[in-house]
Amino acid sequence: MAGYAWLLRLLLLLLAVGLGYAVLSLPDQAQGLQPDVLGKMDQSGVTHPVTAVLLNFRGYDTLLEMAVLLLALLGIWSLGGLPEARPESEPGPVLGTLTQVLVPVLIVVAGYLLWTGAHAPGGAFQAGAVLGAAGVLLQLTGWRLPRRAAGHPLRITLVAGVAVFLIVAALPLPGGRQLLEYDPNYAGVLILVVEAFATVSIGVTLAALFFGADPTDKAPK
Amino acid sequence: MSVPFLYALVGIGLFCLGFHGLIVYDHLLRKILAINIMGSGVFLVLVALAKRGGEAAPDPVPHAMVITGIVVAVSATALALGLMLKVQAATGHAVLPGKSRD
Amino acid sequence: MEGMTWLGWSFDAFVGAGLLWLAWRALASPDLFKAVVLFVAFGLLLALAWVRLEAPDVALAEAAIGAGLTGALLIAALTRLGISMASGRHRNNNKEEL
Amino acid sequence: MQHLYLLLAVFLLLNLGAGMWRVLRGPTAADRMLAAQLFGTTAVAVLLLLAELENSVALRDVALVFALLAAVTAIAFVRRAWAGTEDSNDTR
């Protein structure tokens, strides 16, 4: 391997030069799809272009992306539990108070980001990530999902985002329209419903990814 | 040459740096970091090229793609870390089988 | 506005150079814990790059995930690998020179 | 005023270089982690300066999320990595 290190560097340098040439030869001024998006904004139900693209114009991407999140979680659960680091001590008073203050604030901020996503930067992914961080914080201070919530309630929460998105996507079908083709009059409400469920599902999925095992499993070795 | 192109070139640099690290280093955690850095480079190129409109607002489509990309990247990282821990539990070393242990 | 563009350029140049340097050090440093900390710092700097590229949505996602989740995930994985924080080397008897 | 904001942002960015030195030198893991936290704090300050510069509400949201979540990595470090290590009382 060591003898070929210079060859590898040379090839990667060539790749970098080629990619750089390709990027620099692109036109200096380009609007991309921005005029198309702005032209259709009045039909999207929201006023923020990125949210309109995420949940209306490119709804397929977002729907499948949430399925990818679930797949990653299934992958981790099928590993059968990860080795536990070490028995955790009780959180000290500082950490306990910090968590008691920070977790509600994080939940409020997640709600704010979700709400503001309709007209300004924000939305389901950012809100879900903040919610996931709140879940990670709780786990770090020794909190574990109660036994009775770990079975069906957890699973239903995890799939709720994809399920509600699919239902909303299928709603236009009986009216003779296409999958994910919302009525512009109701698009705003539908997007908010989809985003609300997606936020909770993304947050819980990210927190479960951090936990690293199916909580209904018997304690891993 | 303008600001977006500066960032696009940095993105290409990050991609190639990450690619180099992915090939050269044997420890799996380092490979995971390298893949993340490669992904960040790709995101940087996408977002930089979206801003070529000058004074106009940037193209929102690449932004939406990058946001989903960031969330997918973190979930893939979590899965990769889990697999790495399983490799370590099975072989005692967090390197790919058949690799030298350095 | 001459000074303004000059300052803006130097800001972008620092961010770009910092990104490349942090990525290089994160991959090349022999201590794994140091690599993780450098990677977290890389994520923070990347959020500034998104802001400069007028992508506040992406900056929000990066701030939430890069600052909160990735760091926690990597550190948890590092402890589960059994790597001592003091030296960055393995604690168990299969000593690996990292 | 605009010049001042951008100048301060560049200055804070240079300050990150000083933090970098701590991350690289160590010597203990806690030093590195605290330096990374300093990174986060400085990034919040830079974001707020840029928010004033561009008069953008969204950037204040980014700074808010940053400030809230920077603590999570530090807590993960304290809870998972630092507590219980044989040299946590180390005064090197």
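Each chain gets a letter, A, B, C and D, in the order it is written, and its residues are counted from 1.
What we mean here is this: a residue touches a chain if its C-beta (ideal position, glycine included) is under 8 Å from a C-beta of that chain, and two chains touch if they have at least 3 such contacts.
Bear in mind that the values here come from a model prediction, so they are computed numbers and not experimental data.
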* Structure fact -> Of A-B and A-D, the pair joined by more C-beta contact pairs is A-B
* To do: Averaging only over C-alpha atoms, locate the centres of chain A and chain C and give their separation in whole Å.
  => 21
* Inter-centroid spacing, chain B versus chain A (mean Cα positions, whole Å) -> 17
* **Centroid distance [mean C-alpha coordinates] between chain D and chain A, Å** => 24
* Structure fact -> Check: chain B positions touching at least 2 other chains come out as 9, 13, 20, 50, 57-58, 63-64, 67, 70-71, 74, 78, 85
* What residues in chain C touch two or more of the other chains? -> 8, 52, 56-57, 59-61, 64-65, 68-69, 72-73, 76, 78-80
* For chain A, what residues touch not just one other chain but two or more? -> 50, 82-83, 85-86, 113, 121-123, 125-126, 129-130, 133, 136, 140, 206, 209-210, 212
* All pairs of touching chains? -> A-B, A-C, A-D, B-C, C-D
* Under the touch definition given earlier, write down the residues of chain C that touch chain A in their complex. => 56-57, 59-61, 64-65, 68-69, 72-73, 76, 79-80
* Please name which positions on chain B make contact with chain A in the complex. => 1-2, 5, 8-9, 12-13, 15-16, 19-20, 23-24, 45, 49-50, 52-54, 56-65, 67-68, 70-72, 74-76, 78-79, 82-83, 85-86, 89
* Asked: Which of the residues in chain D come into contact with chain A in the complex?
  -> 57-58, 61-62, 64-65, 68-69, 71-72, 75-76, 78-80, 83-84
* **chain B-touching residues of chain A, taken from the complex the two chains share** => 5, 8-9, 12-13, 15-16, 19-20, 23-24, 26-34, 37, 49-50, 52-54, 58, 61-62, 65, 68-69, 72-73, 75-76, 79, 82-83, 123, 125-126, 128-129, 202, 205-206, 209-210, 212
* **Interfacial residue positions of chain B with respect to chain C in the complex** => 3-4, 6-7, 9-10, 13-14, 17-18, 20-21, 25, 27, 29-30, 33-34, 36-37, 40, 43-44, 47-48, 50-51, 57-58, 63-64, 66-67, 70-71, 74, 77-78, 81, 84-85, 88, 92-94, 101-102
